[in-house]
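Paired with subunit B in one complex and with subunit C in the other, subunit A is shared by the two complexes that follow.
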Partner chain A sequence: MELLAYAVVGGILYGIFFTLVGLGLNLLFGVMRIINLAHGQFIVLGGYLAWIITTRLGFNPLWSIPVSVLCAIVIGWPLYRAVVPRLQRSDDPEMLSFILFFGIGQMLTAVTMLLFGADQRSLPEDALGSGSLGVLGQQFPDSWWWAAGVSLAALALLWLYFSRTRLGYATRAVMAERDEAVATGIDVRRVSTIAFVAGLALAGIAGVFVPYLLGSVSPDLGDGLTTTAFAIVIIGSLGNPLGTIVGGLVFGLGTMLMQTYYSSWSNVVPYALLLIIVLIRPSGLLGKAVRLA
Partner chain B sequence: MPNSNSIRTGSAAPNRLRTSTILLVVLAAIFIVAPHLYSNQSLIFTIMTFIVLAQGLNLLYGFTGYLPFGYVGFFGSGAYATSLLVLHTHLPVLACVAGGGLAAALIGVILGPLLRLSGAYFSIANLAASQILYFTFSNPDLANITGGPYGLKIEQVYNPNASYYCMLVVLLIACGLAAYFRSSGFGMALRAIKQDPVSAAMAGLNVVRHRLVAWLVSALIAGLAGGVYAWGISVFYPDAVFTLDFSVFAIVFALFGGVGTVIGPIVGASLLYILYSAIGISTPQYFQLIYGGLIVLLVLFLPGGLLSLLQRRGINVF
Partner chain C sequence: MQAKRTRKTFTASLKTVAAALACATASFAAHGAPATPSEIKIGTLFASSGPFAVASLGQYEGLKFWAAQVNKDGGAFIKAYNKKIPVKIVAYDDQSSTATATTLYNQLITQDKVDVLVSDFGSVLTSVAVPLAAEHKMLLIDPTGSGANFFTQKTDYLADVSIPSSTVWPIPLANFLLQQKIKRVAIVYDANDFDASQAETMKAELTKGGVAPVFYKSVPTTESNYNVLLHTAKASNPQALLEFGYPPNDIAFLRSLSQSGLHFDMTFTIFPGQLLDLLKKNVGVKSLAYTYTYPTPPLVKYDKVTYGMNTADFVSAFNTSEKKQPNFLDASGYNTGIVVQKMLEDSPNFTQKDFHQALMDMSDKTTTLLGLFKINENGAQLGQPFPVAQLVPNAKGDDLSVNVVYPEDHATAKPVFPAPKQ
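Take a look at the complex of A and B:
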C-alpha cells in the first residue's frame, strides 16, 4: 500500500513535469506542423545552462528560467527565419522538418559533447531547498515540487495566452485551420514565430529540472528525451496542448508503477506506451481525426 | 522523372539488366580486390555493412517513402538470432545467418501493422519498436537466454575471411534487389503507390501487399547484415548491435547519396564512411557535427542527395 501511494503521488509529480517536457514539441507541431526532433537536445542545453548558473556562477538554478527564455528568443527567432518558411513551401513539410530537425539535433548533441564533455553533470541537491514535503505519508524532495509547480505555472500561462489574448486566439485559429486563418488576415508568420520561440523556451525551462528528476544531465540524454516527449504528445494527441497533460500523467504514472513493481522493465515504458497508443488510436487518446496512410 | 526514359523507349528492360549485371560485377571485383590493397580488412567489412544497411533502408524509404528510424532493430535481431542459433543448434554458420535474416523478417511481420501509419508517425513508432527490442535483449532478467547486458560470444565460429565474403554476398543481394526494384514492374508499382496511393489503388494495385513486401525485404536485408556482422565480430554487447547510430548512419548515408536509386546509397555510404574513419573514430563528435550539418544542408538545398546534381544535368542515374 505504501509502495502504491509512493508510486501514484510520485507518478503524478513526475507526470506533471513531463507535461512540460512534451509541451514545446506539441506547440510547434500544432502551429507549424513541424516535428522538432531536436527537442530533447534543447532540453539538455537548458540543463547545462542551469548547471553553469548554479555551479559556476553560484546562483539559484531557477534563474536559468528567464535566461532560457532569452536564449530561446536569441536562437529561435533567427533559426525560425532561416529554416521554417523554406520547409513550409515543400510538398511534405512534416517529414522534411522531421529529418531537418534530426540533423539539428545531431549537431546540438555534438556541440554539447565538445563543450561539456561526456560526463554526467548534476546540480547540488539543496539548491532547490533541502527539505521534503509529504503527501499520503510519502516524502518527496523539494526539487520535485518545484518541477511540478513550475510546469503547472507554465501550463497556466499558456492557457491564459490561448484564452485571453488576441495573439492566443490567432494561434488557436492557425492550429485549427491554417488556410482559413490566412484568409481572415491573421499574421501567421508572427504567430508562428512566437510559437516557435515559446516551444524552445519551454524546452529550456524543462531542462532546469532534468538534473533533479533524472539524476543528472549529459549530452546523450537528448534522443531519449525527444522520444519520451514524442510519446507523451502522441498519447495525448498531436497538436492539442491540453492532451499533453493526459500524456504526461499517463507516462509519469506508468513509469513510476513500473519502477516500483518491475524496475528492470521501467525504461521500456515510453516506447511501449507510444507503440500501443499509436497502433490502437493513431490520433491519440483525445484526438478526433484518425490519421491513416 | 529519371525513369521516364524507360517508359518511352520500351527497350529499357534489357539495358537495365545489363547495367545491373555490370554494377554487381564491379562491386564484387572492388571488394574482392580491396583487402589485397588495403590491409585493414575489418574496416572494409564495416564499410560493406553500412552499404548494406543504407541500401536496405533505401529499399523501403527510397521506394515507398516510409523512413524507418528504428531500422537497427532488424539488424540487432538478426545478430542475436544468428548467435543464438550458433549457440543452441548444430547448424552450419551460414544457415544460422539465414535464420537471423528470417528472424528479422518475422519481426517485420509482427510489426507489419506499423505500415498503417504515415510519415513521421511511422518513423517514430518504428524507433519505439527497436528500443523495446533493445531493452528486451539487454534486460538482466533475461540474462540466461540473451546474455542480458553481458552480450553473447560465438568465438567458436570466428572466421574473418568467411564472414567477409559472406557480407559481400549480402551486399550483392541488397544491391541486386535495389536494381530489381529500380527496373521491374514491381518497383514501378511501388513508386506509383509512393506518389499517390489512392490513385494507385484505384488503378488496381494492391497497395498493402506491395508495401508489405518492400518492408519485409528491407527487414530481411538488415537481419542478414546483422547476422554476418555478429559472425564477423563474434563477441558483442547489446549496445554494439542495437546502437541507434546504425539507424542514423543508414539514413544519413542513403540520403547523402540519394534515395530511390541503386548507386546513391553505395556512393553515400562509401564516401561518408571513409570520411568517418578518417576523422570520426577518434573524435566521433566532429563527425556527428558534420553529418548533422550535412542533413540540414541536404534538406534545405539538395533533397535528392548528391546524385540529384547529376540528374539535374539530365544524366540518367541508375
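Take a look at the complex of A and C:
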C-alpha cells in the first residue's frame, strides 16, 4: 500500500512536470497547426542553459527560467519570421512543419554536440534544496516539488493569459477557428508570434528540470523528449492546452505504476497509451468525440 | 669471316633471349609474391553522439593514441612481411545506432578492405559486427563487447581483447557478498545482454552459495528515473542493492538514490570504476561515498607486463600526449592496439585465420596494462578479472579513494560495512 501511495504521488508530480514538457508543443499546434519536432531539442537547450548558469556562473538554476524566456524571444521571433509565414502559405502546413522542424531538431542536436560535447551534464543536487518533502507519509526530493511547482505556475500564467487578457481571448479564437478570427479582424500574426515564442519559452523552462528528473542532460535526449511530449499531447488532445494536463498526468501515473509493478515495461507506457487512445478516442481524452469513417 | 659474323649474331641472339627470359622470370616472381602494403588499415567505428558516445570516444582515443605511438616508431612489425609498416586507422561515426553501425562495418570490410576490424564500444554496437565478421571470414577484434551470447560457440572470427566476458564480471563480487555473509540482496538490471548476463551470473553464484535475491527486477536500458524503483527495492529490506546498468543508468540511479533519502548498507554500480571522473562530475563525491564498484586500470595498476607499456607508463604517456588523465576506456582502446600489434608481430602469414591463431598462441602467456590476456576458443576473454572496490571519501569529504576490498590478495583496505549514512 505504501508503494502504491508512493507511485501515485510520484506519478502526479512527474506527470505535472511532463505537462510542462508537452505544453509548448500543443500551444504551437493549437495556434498555428505546426508540429514542432524540434521541441525536445529546445528543452535540451533549456537544460544546457541551466547547466551554464549553475555550474559556470554559480547562480541558482531557477535563474535560468527568466533567461530561457529571454532566449526564447531572441531566438523565437526571428525563427518565426523566417519559417512560419512560409509554412502557412503551404497547402499542407502540418506535413511541411513536420519535415522542417525535424531538420531544425537534428541541426540543433548537432550544434549542441559541437558546443557541449557528447558528455552528460548534470546539476548539483543541492542547488534546488538537498532535503525532501513528504505527502501521505512518502518523501519526495525537493527538485521534484520545484519542477511540479514551476510547472503549475506556468500553467496558471497560461490560464490567466487565456482567460483574462484580450490577446488571450484572441489566441483562443485563433485556436478555435482561424479563418473566422481573421475575418473578425484579429491580428493573427501577432497572436501566432506570441504563441510561438511562448511555446519555445515553455520548452526552455521545462529543460531546467530535466537534469533533475531525468538524471542529466545530453545532446541526444531531444528526440526522446519530443516523442514523449507528442504522446502526451495526443493522449490529452492535440490543440487543446487543457488536454495536455490530462495527458501529462496519465503519462506520469502510468509510468510510475508500471515501474512499481512491471518495471521493465515502464518505457512502453507512452506508446501503449498513445496507441490505445488513437484506437479508442482519436481526438484525445479531452478532444471532441469524432468517428473515424 | 661470314662464319665469325654468324657466331657473333647467334651469341647476341642467345644473350637477348636469356635477358628476356630473366626479365620474364623476374616479372613472374614479382607477381607471384604478395605485395607488401604501404600501410596496415585498422578499421573501426566510434560514436560521437548517442548513449554510448562518452565510452566510445574514450576507446577510440585510446586506439588512436596507440597508432600514433606505433607510427612514431616507424610502424608495427609485421612478421608476414618481415618489416615495420605504418598503421592507419580508418574510422566512421555510427552515432550509437546499430543500423548505422551495420552499414559502416559492411563498408569497412567490403569497400575499404581493412586488414584488421575493430568493433565499437560495448555489447550493443558490437552485436551487429559479430555475424557480419563471421560471414566475411574476418576476425573481429572486440575491445569491450562482452555480452554472453557472443561467445556461445567455437569461432575463428571473434576475439574479446580488453574486457572480460560479462558473464565472469560479477563472480568476485558474488564471492565478496558471500564472504561478508550478506543474505539479503536486491538486484536491478537493464534489459540488455551486457547487464542481464551479469544479473544472471550474480543470481546463479549467490544461489550456489545458498542466497536467493530478495528483489530481482529489470528496467529498460533507457531508464532515467529510479525513484519509485528504489522504494520498491527498499520494501524488500535488502542489505545490499546492486545496480547493473550503462553509465547513464548509473548516473540516474545514484542521483535518484541520493535524492530519495533512502539508505542501503551496501550499494554497487558498475561504471564508477571505469569512469570515475564522469561519475564524480555528475553524481558528486557525497553520493558516491562508500558505494562499491569494479575498479579497472588505471585505478588498479599492472606493473609487470610482457608486452606494451605498463599501466603507470601508459597513464604518464597518455597524459603527456593528450593533456588529460586516461580512464579505463582510453586504456582499453590502447590495449586493443597493443594486442593487435602483438598479433601482427607473431602471425607468420597475413591472413585472418593466422591472426586468430596468433591470438590463441598469445593467450595465457601475455600480460598487458589491463592484466593477463586469456581467451577461450569461443573468443571470450577470461583474464583480467575485476576486483571489488569501495569508494571512500577523504577526510575533507571532497574526493574519493578507491579501496580494493576483494579478493584478499589484491585488497588495499577492509570494507566499511554497513555504509555510514551521508
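The rule is short, and it goes like this: the second predicted complex is superposed on the first by the 289 of 293 C-alpha atoms of A that agree within 3 Å, B and C clash if a C-alpha of one lies under 4 Å from a C-alpha of the other, contacts with A are read in each partner's own complex, and residues count from 1 in each chain.
As a convention for this text, a residue touches a chain if its C-beta (ideal position, glycine included) is under 8 Å from a C-beta of that chain, and two chains touch if they have at least 3 such contacts.
From a predicted model like this one, the values you see are computed outputs, not experimental measurements.
S.K.: Overlaying the two complexes on subunit A, which is it for subunit B and subunit C: clash or fit?
M.R.: Pair status: clash.
S.K.: Does the superposition put A:Phe18 against subunit B (first), subunit C (second), both, or neither?
M.R.: In the superposition, A:Phe18 touches no partner, neither subunit B nor subunit C.
S.K.: I'd like to know which partner A:Ser132 touches here: subunit B for first, subunit C for second, both or neither.
M.R.: second
S.K.: May I ask you to decide whether A:Phe251 touches subunit B, subunit C, both, or neither, giving the answer as first, second, both or neither?
M.R.: Touch partners of A:Phe251: none, neither subunit B nor subunit C.
S.K.: If you stack the two complexes on chain A, which partner ends up touching A:Tyr48: first (subunit B), second (subunit C), both, or neither?
M.R.: Neither partner.
S.K.: Of the partners subunit B and subunit C, which touch A:Tyr80 in the superposed model: first, second, both, neither?
M.R.: In the superposed model, A:Tyr80 contacts neither subunit B nor subunit C.
S.K.: Is A:Phe196 touching anything from subunit B or subunit C once the two structures are fitted on A? First, second, both or neither.
M.R.: Touch status of A:Phe196: no partner.
S.K.: Look at A:Glu2 in the shared chain and tell me whether it touches subunit B only, subunit C only, both, or neither; answer first, second, both or neither.
M.R.: In the superposed model, A:Glu2 contacts subunit C only, not subunit B.
S.K.: Classify the contacts of A:Leu279 with the two partner chains as first (subunit B alone), second (subunit C alone), both, or neither.
M.R.: first
S.K.: Please work out whether A:Met113 is in contact with subunit B alone, subunit C alone, both, or neither, and reply first, second, both or neither.
M.R.: Touch status of A:Met113: both partners.
S.K.: Given 129-137, 219-227, 291-299 or 345-353, which one is the stretch of subunit C whose C-alpha atoms run into subunit B?
M.R.: That would be 129-137, the only stretch with clashing C-alpha atoms.
S.K.: Quick check on my understanding: which residues of subunit A belong to both its subunit B contact set and its subunit C contact set?
M.R.: Of subunit A, residues 109, 113, 264-265, 267-268 contact subunit B in one complex and subunit C in the other.
S.K.: Show which residues of subunit A lie in contact with subunit B when the two form their complex.
M.R.: Against subunit B, subunit A makes touches at 35, 83, 86-87, 90, 92, 94-96, 98-100, 102-111, 113-114, 223, 227, 230-231, 234, 264-265, 267-268, 270-272, 274-275, 278-279, 282, 291-293.
S.K.: For the complex, give me every residue of subunit A touching subunit C.
M.R.: Answer in residue numbers: 2-3, 6-7, 10, 14, 109, 113, 118-122, 124-125, 132, 138-141, 143-144, 212-216, 218-220, 224, 255-256, 259-260, 263-268.
S.K.: Which subunit C residues qualify as touching subunit A in the complex?
M.R.: Spelled out, the residues of subunit C in touch with subunit A are 47-51, 53-54, 57, 96, 188, 191, 217-220, 222-225, 227-229, 231-232, 235, 247-248, 251-252, 255-256, 258-261, 278, 281-284, 287.
S.K.: Using the touch definition from the top, list the residues of subunit B that touch subunit A in their complex.
M.R.: Contacts found on subunit B: 65, 67, 113-125, 127-129, 131-132, 135-136, 139-141, 197, 244, 248, 251, 255, 285-286, 288-289, 291-296, 298-300, 303.
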